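When the chains are written out, they are named A, B, C and D in that same order, and each has its own residue count from 1.
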Amino acid sequence: MTVDQIIFLVIAAGTLIAAFRVVTTGNLIHAAFWLIAALFGVAAIFAILHASFLAVVQVVVYIGAISMLFIFAVMLTRKDMRDQGPQLNRNWGFGAFLAALAFAGLVFLVHGWSGVAKTASAFPSDFDAVGALGNALVSPDAYVLPFEVASVLLVAALIGAVYVAYNRK
Amino acid sequence: MDFISTHFLSLILFFPALAAVFMLFLPGGENKLFRWFALGASLIPFLLSVSIWFQFKSSAPGFQFQEQYEWYEALGSTLHLGVDGLSLTMVLLTTLLTPLAILASFNITEKVKAYMMLFLFLETGMLGVFMSLDLLVFFVFWEVGLIPMYFLINQWGSANRNYASMKFLIYTMGGSLGLLLAIQLLGVLFGTYDLVALTQHWTSLQPDSTLLGMSVSQVKAIAFWAFAIAFAIKVPIWPFHTWLPDAHTEAPTAGSMILAGVLLKLGAYGFLRLILPLYPVEARYFAGALALLATAAIVFGALSSFAQTDFKRLVAYSSVNHMGFVVLGIAAAGLASGTPDATIALNGAILQMFNHGLSAAGMFFLVGVIYERTHTRNLEEYGGLFTLVPVYGGILIFTSMSSLGLPGLNGFISEFLVVRGSWPLLTAYTVVSMLGLFFTGAYILKALKKVLHGPLNERWAHGEHKLTEINAREILVMAPLMLLMLWIGVYPAWILDVINKAVMMLF
Amino acid sequence: MSTETIIWLIPLPPALAFFLIVLFTNRNKALSHTIAIGAALLSWLGSMIVFARALGVERLGERPFTSSINWLATGDTWFKIGVLVDPLTALTLFFVAWTVLMIFIYSVGYHNFGQPEGDHDHKGLPPHGATVEEHGSKHVVPSVEPMYSRFFAFIGLFAFGMFTLVVSDNLLTLFVGWEIMGLCSYLLIGFWYGKKSARDAAVKAFMTTRIGDVFMLLGIAYLYSVTGALSFREIFTETTLHTLQIIPSGVLGFSTAGLIGLLLFIGTVGKSAQFPLHVWLPDAMEGPTPVSAMIHAATMVSAGVYTVIRMFPLLSLDTQTMSVIAFIGAFTALFAATIALAQNDIKRVLAYSTISQLGFMIAALGIGAYIAAVFHLITHAFFKALLFLGSGSVIHGMEHGVFHTGKHEVDPQDMFNMGGLKNKMPITFWTFLIGGFALSGFPIVTAGFWSKDEILADAFAHNLPVFLTLAVAAFLTAFYTMRQITLTFLGEPRTEEARHAHETPWTMTIPLIILSVFAIGFGWIGIPEHFPLLGGLVPNWLHEFVGGTLAEHPEAVEFSWTPLLTSLVVALGGLGLGYLFYRNVNSPAEDKLQLGFLKNKYYVDEIYNAVFVKPAIWFADKVVYQIMDKGFIDGILHLFGPGTQGIGDGIRNYFDLPFINRFLGDGSANVTYFSGEKLRVIQTGRIQQYLMLALILFLAIGAILYFFVFSV
Amino acid sequence: MVPLSWYLIFSAALFSIGLFGVLSRRNLIAILLGIELMLNSVNVNLAAFWRYGDVTNITGQVFAVIVFAVAAAEVSVGLALVISVYRKRNTVIADEIDMLKF
């Protein structure tokens, strides 16, 4: 077991625990914070994977923006959602079963896949992943179109969110 | 003028329909305008057909004034028009009777516009049958004539009109079914519907070859009966005649005039134009049966007529009787096509068609005149009217005598020719049909006796029901008919010559 | 003008008169009768010119006046019509023109022209008289006929028909004239259509003669189809006649000529009122008395005989046909004469005597006595016309008496109401007497004697039974004629009306006088050459003239005393006995011959009614119309309606409703509804449950794909 | 060196946890939280496949970036809806928002 592996396992375990807390904790504020914890864990995983740009974006967008949104939303709707009543619905057992089944299925698939034992290749010496990503996103030969569509989607979502949540009184 | 002289037939044919369409755009409610417009529109075809009557070269073979236009290329059907002596006679009859019928219906006050339009459409339908030399077009016009008549009976008829119009429609439609199939059969076999071409193809078929998996003679027999039944219903030949009294009785006066005057002729025309030329062998084979039915029509028609108490019904049955002679002549011609006897019989049959057109139209009109005044058709309720309406009485006697076949008037000539022609060929049937001729006299006299003679029914003499004399317009309707009856009776050569030459060339 | 043109023109004036009167002048009585009489006069003039010119032609029989035009197109050839004047036509024209003219003039007086309009007269009924004030007192005088103009129109048309018939050179136009007369007789008999008896008589006359006409038409058609011609000149050639004679017709052993002849003869039986179609003639007396009756009796009925004479060359080819003709003629002569014995109506007696006399002619033709028949036809036309006009005059005089007394129930036609009119109506009496004696065959002076004697002589020479029958008939004729004269004119007036009878105006008596001249004088043209004393004084012109009509000249029969004596005995004996019998008879009760079966004309009418008329009406109405048309044919048609509806109902009830509607239609809806009903519980509206289901499905599909599809 | 399968299993576990949250939480916001977890697990996968495949092919990262964008959009709209629903019906319980029920 190498250091890498140990680090990975620790981070992964933390992340999973945090994630578990997200879906089980009664207090939504706590859940939101647990989410932030889980997102940090994922950002760390990105870092381990040398996806530095993703890790940064994970922290900035998810933790900085999305989680904040959640917290605000929870606070806005919190009035009667304190801690009363069950946080899980009547079918949570069945949900858990399905989730487990999905997990089992995925593990089974991963287990049966030949490429699972691949090891990460070494980074080319002069390879600049962030630069390559930036080029790919704006290059007409590559992904400028999906990128633009995504931006349009964001604008649309923005306008839509404003419209839907706008209080017409 | 060039256009007119090269398009005589299509002008005659389509003018009434175009006028009817034009009428659609006339302002509503102007009954007087509609009447005069329709009359004028029907007079123009009449004048044109008189004009082609004089231009017609009776000695020239084949069809004259031919016109041919593309119509339904995919099926090989063209709008092919043309007349010979046979159809020209019928065209003249149609264009003559239509204005008279329209003039006769000037007293219609309900839905005048629709009425007049239907009449004009009807004229186009009838003329189309007589003029078309293409079987598909023939069939189209055949059906076109049916619809306006249905509505005329159904909308302007008397009490039992729904029953009568439905019976008329369904009966004739039933016949048309076979007609259509037979026409399709011909079309499929030869790829053309043109009558002239068909006649050549059809008669040159080898009898031992096969068509559609049947022998030619079988196919021909089937097609023959399909045609024959369609036309027999229209004529009508006994026992397909029972629609006729109902339809005639319930139709409005002018409707009955056209129905008896022209529509019945369509069937006989079909026999002459299609059955005899296309099926000479079958016609000979079945001539006996046809003659039997004709005799039955003559005898039973006369007897039924004699039994009626309804004046109009009596006249209606007389049509069965008279058309029986047409069929008898056709049967004789079918039996011995080409012989002098057959020619005479056919001359008689065709002239009888024309004559019956005149006399039946006249009789129905006269019934209408009296019905309009008395609102009854029951013979028992008339009586002694001669005193009140002498002019009407005179006209009625004159027309009845024409219908009865009094020598010196038109009916006799044609009946004599038919009897003369069929005597050597169908002796027994001719003898029996004389019984019908005898009863013809009986029912005509019965009608005269009940209507004009007899004790005066005082109801019509005074007060609100006082009978008024026939008026100038009505006399105007009768005058041309009576003139023709007398003219043909005294000097038939002018029309018979044309018919005779046509018959000589056709058969 | 050429003779042919005149012949063409002869029939036209009366026809023109008819149209003129009907169309224009029917409101003006004077103008109408002027036109009609003018037309008759023109025709008379034409006939006389033609007659005169015909006399001037040598051997007219071989070279008659003819002319023809195309009329009907028949295949390659034309059927021609034309005119023909041969000796027979010329003679017939002569008497027809005379009698027609006389009738026209007589009608003016008979219909009371110049008299006031009646008080209560109606069109369609005889005039009832008008009240006039004269010298301060009211009395009733005859009133003018309300339909005066119409009457002249009708007889004009009638004259047209008769002339057409006579001048025709072919059977078809002859038939045209024949039928036009039939129509006129119908119209004239039914002239007073207000009377039921007149109406019925009109229809009866038309229908009875039509039976004959229908057969005649067949005969014409038959003849035409065999010979290809209807013109007399073309038929009566030797080859044609020979052909007709040798071809058998296939019916009862008749030759073609025989059968055609028989068919044509049936036409004559109808028109000339021979047994068994004689029934219409007595009833025809319902027409305006006696003018139209006279038309039927004296003129029109001769058309039948005329036709038989015309067709004689054809008829004489078959002995069987000739026997039939002879039998019918002789039988009718006797049969009608016996009925005449018991009639009391002055016109009916004459009607039956007409039937009987026509029987004489037919019988004469049947035994081949062609010229005798012609002779009798002509003399009979004159004296019978005279008698009818005379009887009309009598009735008119009697009506005068009826108007005077005002007792309208008295029948002015019943001879037992008359008597002693000799002094009241002298002209009528004497002319009637001449006519009656001519009818009886009073020897030497009357025309009837000569013609009847010739028939008897021929019959004696050829056929003894016919001779005997005719002799008896002749005796009866003389007897009933004298009965009539005695009852009418002799003795004392039996009623008040007869006492006040009045001679008729000049328009009626002048024709009587003219006709009586012919009734006497016309016999002298045909005195047989070998007749004792008189024979040879005047040449037998008639025999020469008429005999030329036929191809072979008929031989005159040998003179024999037996028929001459017979005719003398029967004529004088009949007249004498008649006078003796009825001299003192004053009422029907005293008349010993009023036997039931004679009075009722042997019940022939009743038998016909029961055997033919009623069954025919029953058959037409019940069998043909009600049962066959309404019941059977329409019944079948009406089955189509319910039948189609039944099929429709069947399809609906047993296929559409259970299968299509319930099973397929409702069924699928029900299944959908049911499953929806059951499945809707999963539509909880809870998004997480949807998601779960989707997930289950996804997993299931994924598993299936993985294990069963991609693994292969 | 961490094998690829570890990442995959981690990602699957994260996904399943998120799925459980989505399926079982009553609160709408909590459901959205679960969705975020699932999206993150996808991103982990994408990054891992990039890393263990051809690193010069940057597609995996591009996808992840777009997933970020989509997640942002989704959250913003989703939360807006939650707030809107909350305003109208005064609840954020998923089970109570069942207007589409039969």
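Details
We take it that a contact is a pair of C-beta atoms (placed from the backbone, for glycine too) under 8 Å apart; a residue touches a chain by one contact, two chains touch by 3 or more.
These figures come from a predicted structure and were not determined experimentally.
When every chain is reduced to the mean of its C-alpha atoms, the one closest to the centre of the whole protein set is B.
The mean-CA centres of chain A and chain D are about 6 angstrom from one another, to the nearest whole unit. The distance from the centre of chain C to the centre of chain D, with each centre set as the mean of the Cα atoms, comes to 120 Å.
Mean C-alpha position of chain A lies 95 Å from that of chain B.
Averaged Cα coordinates give chain B a centre that lies 32 Å from the centre of chain C. Looking at chain C, residues 688, 692, 695 sit in touch with two or more other chains. Residues of chain D in contact with at least two other chains: 19, 23-24, 94-95. The list of touching chain pairs reads A-C, A-D, B-C, C-D. Contact residues of chain A toward chain D in the complex are 2, 4-5, 8-9, 12, 15-16, 19-20, 22-23, 28, 31-32, 35, 38-39, 42, 45-46, 48-51, 53-54, 57-58, 61-62, 65-66, 69-70, 72-74, 76-77, 80-81, 85-89, 91-92, 94-96, 98-100, 102-103, 106-107, 110-111, 115-121, 123-124, 127, 129, 132-133, 136-137, 142-143, 146-147, 150-151, 153-154, 156-158, 160-165, 167. Residues 680-681, 683-688, 691-692, 695 of chain C are the ones that touch chain D when the two sit in their complex.
Against chain C, in their complex, chain B makes its touches with residues 167, 171, 239, 241-242, 245, 300, 303-304, 306-308, 340-341, 343-344, 347, 384, 386-387, 390, 394, 397, 401, 406-408, 412-413, 416-417, 419-420, 423-424, 430-431, 434-435, 437-439, 441-442, 445-446, 449, 452-456, 491-493, 496-497, 499-501, 503-504. Residue ranges of chain A in contact with chain C, taken from their complex: 89, 91, 94-95, 98, 101-102, 105, 109.
Those residues of chain C lying in contact with chain B across their complex are 22, 26, 70-76, 78, 122-124, 150, 172, 175-180, 182-183, 186-187, 190, 193-194, 196, 199, 202-203, 206-207, 210-211, 214-215, 217-218, 220-222, 224-226, 228, 616-617, 619-622, 624-626, 628-629, 633-634, 637.
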